[in-house]
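What follows is a set of structures to go through.
The same subunit A turns up in both complexes below, where it pairs with subunit B and then with subunit C.
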Partner chain A sequence: MLGALAGRLGAAAATAVLSTAAVFLLIRAVPGDVVGEMLGQSAGDQAAEAALRAFFGLDRPLWQQYLGWAGDVLRGDLGDSWRQGLPVAGIVGEAFLVTLQIGLVTLAVALLVGVPLGVVAGVRQGRWPDLVVEAFSLLALSAPVFWTGMVLLIAAGAWLGWSPPLIYAGPGENLSDNLESIALPVLALALLQAAAYAQFARQQTAMVMRQDFIRAAIARGLPARLVYGRHLLRNVAIPLVTFAGVILVQILGGVVVVETLFAIPGLGRTLLAAIQARDYPVLQGALLVAVLIALLVNLLVDLLYAAIDPRVRGA
Partner chain B sequence: MWTPSITRRAALLGTAGLLAAPALPLAQGAALDIYGPADPQARRGGTLTVAIANEPPNLDPFHQAGDARTAVTVLMYQGLMYEHPSGEARPLLAESMQISPDGLTYTFRLRRNVTFHTGQPMSSADVKYSYDYIRDASNGSPGAADFGAIAEIATPDDHTVVIRLNRPNASLPMTLTNRFGCVVPKDTFAAQNARARLSQQSVGTGPFRLAEFRPQSHIRMQRFPQYWEAGQPYLEAILFSTQPNAASLLQALRNRRADVALLPRPQDAEQLRDVQGLNIGTAPSLRQNTLDLDGNFAQLRDVRVRQAIALSIDKEAVMQASIGGHGTVLGTTVAAMQESWGAPLNELATQRPDLDRARALLAEAGHGGGFQLDLVSIIGFEWMDPAAVTIAQQLQRVGIRLNIQRVELGVWLNAFRTRNMRFTFNDWGTQPDPHILYYRHFRSPPQGADFRNWNNAEADRLLDQGMETSDPAERRRIYVQLQKLMSETVPTIMLFSPNLVTVTQSRVRNYAQHPTGWWFGLARSWIAA
Partner chain C sequence: MNRRARIEYGLGLGLAGLLLLVAIAPGLFAGAPDSVDIARRLAPPSAANWFGTDETGRDVYARVVHGAGTTLGIVGAAVLLAALIGGVAGAVAGFFGRLGDMALSRGADALLAFPPIILGVVVAATLGPGAVNLVLALGIIYAPVFFRVARAAALGEGARAYVEAARALGHGEWAVLLRHVGPNVLPTVLLQCVILFPLALQIQAALGFLGLGVPPPTPDWGASLQESRNYMTAAPWLAIFPGLALLVAALAAMLLGRGLQARA
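Moving on, here comes the complex of A and B:
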């Protein structure tokens, strides 16, 4: 168990190093840098340009820049933003908490809506509940998040005369404003993920329903509560937990789009702004955190999986 | 108080925009004729919410060039002069300005009782420090080039600043306005992390000071109680909220979450016409949406090809397709400067479509069979997409087949900086002065940057002459000549200036829109009960 864990941690660390190096090189391969962004069309003065480039250390060779950054990261210092000059750790940390809240609430909503729908559809395969759930899934899955978000925004404005608060508030600052701020983004993301969940749960349920032990249980005349509660759900639960990990990572990906659409100052919007401004330290810091989160979630899922299903432990 | 005197006359002579010196309205009471008129009926207090489409990357008036930055920092930082909408630079932190007869020495008397947001009083040493800092290119300010004319800054006493120039430069007063001419306390940048701190704390002299800047969310400004204009400003606070797109900005206006906004797309005004309680104001702007023609690129090296392109384009149709009727078709200067500095449109060449002449020119240049040309369009500038399609159709008529290339802004800026513009759209603004508008963009290096590789000796001569000439009538004559040259040899085709469309809730009073599109007007606004 410990050996397997160490192996996984090692693989995760290697992934982190490789991906940060790739990001570091890729962003620098994109034309334009922070100096161009700051000068805009006021460019033209070579000396001022050179001075700015030196200020940001962009005049040093690439490998020196990377080693400098990596060294700082190992010492726990993500550096300062090139746009605002604030510490990257603070910017990314704050933004991540915003994104995490949306991610977790979305996951909860998707689970609460998607799993029951999927299980019901799976149990009643081919009948009307199944068809309704299928129709919902198909619609929600084929609508891109940015479209769903836009429609929700317009609908809320046109029909309810309501729009989210202009300024995002954290749950600690003002809970009701916070809920208003995240309502639409969560809904936009959750519709898609609930549909994905429903499909997955339906498929898993249908599979388990065909198993001999369920048929046997029904044949033995066990009450439905026991058939479904004890035999069906427990078997369906394991893959659903794995799926939660996949979904959470997916939500964190989709959040970039909704954050931009709904003006939520989360990790996605921070990343996008950093790309546009060529704010390398924030970009690298944010991506490092994103990569670590993805690795951590996968690791946790593996561990959780082992905890639920004794058969996996030895593997 | 700003009183007419010999000094004022001297000031007027040296500044832009005054063709025949009109009588200036005398400022009554403490509030000056800047930012818009004061309002004796104004109610004090309250927080005004402004929805903005572009968030400034930071709030450093010395190192960040972008319009998004200037739009908000003008409320916190002030220069010696103010870019009056009339096109004239008027004293702001200066009380008066005197120019020596040879045009080489400018003497500024400073306003007294000016306090920085840090609590220190302003003195001539602060002015000297600020301008010495910005003009030293090794400090990396995008404004350095503008201040290149300055040879030396002296401070004979606490309230006098003497600026000596290398050569006469009639636009110096406009250079000392609020984009790069801001005054900060001496040694501001000597402090550790000084640049970063400017995004958390303002150190200017303006009517508002920075209270909070949350990137990707908002900027909050608070009234500065020690502000030097007695009784100003009226608002207690201003909240700038960054909106992710035009749709959410409109929504915020409709649902009264925002009090004021400048529409990023002027044509969106149509969508707000029927909304109760909204006032929609329209003003000409100092921006220009243009097509630039790089004289070093492919077929554009031949002036006849450039002329043929200009003669094939129907600017009115391009504007209609891009922003509807919400702008002004241009000749060779921006809309808000046409009256003061623009050449009369009927005296300019290549302004109206003439397809026969265009075809003849192309045939003469050896392109009778037509040719293919790349047109660069920048992603994120919405007007460029419909404009590109329209222009492609228009050029098709003379046999030029456009291949539209959409590039990212960073990529585009890189090409621009390295003077590799090719055939491209551009979208840029200016301060209301012809030297500032034309010089850096069109004067060949090393004095200017000549981004379009126009490489025109006659233009260089006119640009230098215009810079050194103070007499308004003579100055205008020179710039009209320059514009005629531009219309004949086509380094750029100025298509149109989009209107500045400002939307305010009815409770917002006394907001005047400045032609730069910056938020000067909020310094005089108030909120009705």
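Moving on, here comes the complex of A and C:
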């Protein structure tokens, strides 16, 4: 168990190093950098350009730049933003908490809506509840998530006369303003992920329903409450819990576009702004967080699986 | 396949066929997508303009119809590019194994560690706007997925008895890969194309929406949604119809993918 864990951790660390290195090289491979953006009108002044490049360390070979950055990261220093002069850890950390709140609330909503829908559809396979759930999930999975957000915005404005506040409020500042800020983005993301959850829950339920012990339980005349409550749900619960990890990573990806639509200062907007300003330290910091979260969640899912199901251990 | 699966598959086939026709021959369905008519700007849907008009009086229906070729063409080209690169690399890696497989697998893992949209944003912003760059960005996102699928398929096929038999008959390794393993990996890769199409479509639309897609005035569904943002309350039809087109295209691909999966 411990050996397998160490192996998994090592593989995740190797992936993180490779991913960050790939991105590091990629963003530097294009013509134009922060120096050109900053000098603007006075671009072409060779001395000024060279001085700024030296100041940012852009005159060094790429591998030196990467090793310098990676070394700082390992010491817990993400550097300072080239445009704002503030520590990257603060900028990215703040943005990440905004995104994380939306992600977790969305996950809770998706779980509460998607799982019951999927289980009911799986139990009533081929009947009308199944058809309704299937139609809902196909449509929700087909719609681009930011478009769902736009439609929600339009609908809320036209029918309720309501629109979210123009300026985002954090949960610490004012909770009711915060809830108004995140209501529509969460709803848009949750519709999509509830559909994904419903499909998965339906498939898992249908699989368990075909097993002999369910038939035996029904044949023994057990009340439906016991058949579904004890025999079915216990067997469906494990994959459903682990699926939460998959969904959370998907939400954290999908939120990037939705944040832009709703002007929420999360990780996605920070990333886009950093790309446009060619603010490499912020961009690298934000990407590092995104990759680490994805790797960490996947690792946790695997561990959770091993903890719940002894058959997976050591595999 | 039961009756419901057959209906779903038929619907998927029908929609996909129609979309393909619209993408290839938009002229059959609508007039010019770029005829400006300022007098009729931001007109709501009517008999003359089924989907209304935009801020310069262009017909939204015509732009949606002509956008099919751009949007679906880019996604289709990207998926095929990813399938070609990822599929070939995966089949070779899975069949031969060893160091090359190790290196390629690590590389694929490194790319797969990013949420697809984030990788897409970084690559598309780095390469700059344009249809070709969008194809490349989407190709980079999905090549590792094809790599994994093709690698697993080639690994499985390589252990089968017919491969052993071909070797025993004196065929070289590359000949066995090309003539025996490859054709058996191909259906898996093609099925994966259909499965990944709706996902790639969503990313393509998102990049267009973020302004990282095809520059105006080329009609593109995601780019149209980006342009519609300033008129969401005044002219909601600008946002509704290109999004519906994306929804229908994703739905068609999803139904088709499920049907093919059930048949395989």
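Note that in this section the second predicted complex is superposed on the first by the 307 of 315 C-alpha atoms of A that agree within 3 Å, B and C clash if a C-alpha of one lies under 4 Å from a C-alpha of the other, contacts with A are read in each partner's own complex, and residues count from 1 in each chain.
Just so it is clear, a residue touches a chain if its C-beta (ideal position, glycine included) is under 8 Å from a C-beta of that chain, and two chains touch if they have at least 3 such contacts.
Note that this is a predicted model, so its numbers are computed, not measured.
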Touched partner set for A:295, first subunit B, second subunit C, both or neither: second
Contacts of A:260 with subunit B and subunit C, given as first, second, both or neither: both
Which superposed partner A:165 touches (first subunit B, second subunit C, both, neither): first
Partner chain in contact with A:78 - subunit B first, subunit C second, else both or neither: neither
Touched partner set for A:150, first subunit B, second subunit C, both or neither: both
First (subunit B), second (subunit C), both or neither touched by A:270: first
Which of subunit B and subunit C A:91 touches, first, second, both or neither: first
Which superposed partner A:48 touches (first subunit B, second subunit C, both, neither): first
Overlap of the subunit B and subunit C footprints on subunit A, listed as residue numbers: 30, 150, 153-154, 157, 260-261, 276
Subunit A-touching residues of subunit B, taken from the complex the two chains share: 49, 51, 55, 57-58, 63-67, 137-145, 193, 195-197, 199-200, 213-218, 239, 241-245, 247-248, 251-252, 254-255, 257-258, 408-411, 413-414, 416-417, 428, 440, 448-449, 451
Subunit A to subunit B touching residues, read off their complex: 30-33, 36-45, 47-49, 51-52, 54-55, 80, 83-86, 91, 95, 150, 153-154, 157, 161-163, 165-168, 260-263, 265, 269-270, 273, 276-279
Residues of subunit C that touch subunit A when the two form their complex: 2, 4, 106-107, 109-111, 113-118, 121-123, 125-128, 198, 202, 205-206, 209-210, 222, 225, 228-229, 232-233, 236, 239-240, 243, 246-248, 250-251, 254-255
Subunit A to subunit C touching residues, read off their complex: 11, 14-16, 18-19, 22-23, 26-27, 29-30, 126, 138-139, 141-147, 150-151, 153-154, 157-158, 249-250, 252-254, 256-257, 260-261, 268, 271-272, 275-276, 283, 287, 290-291, 294-295
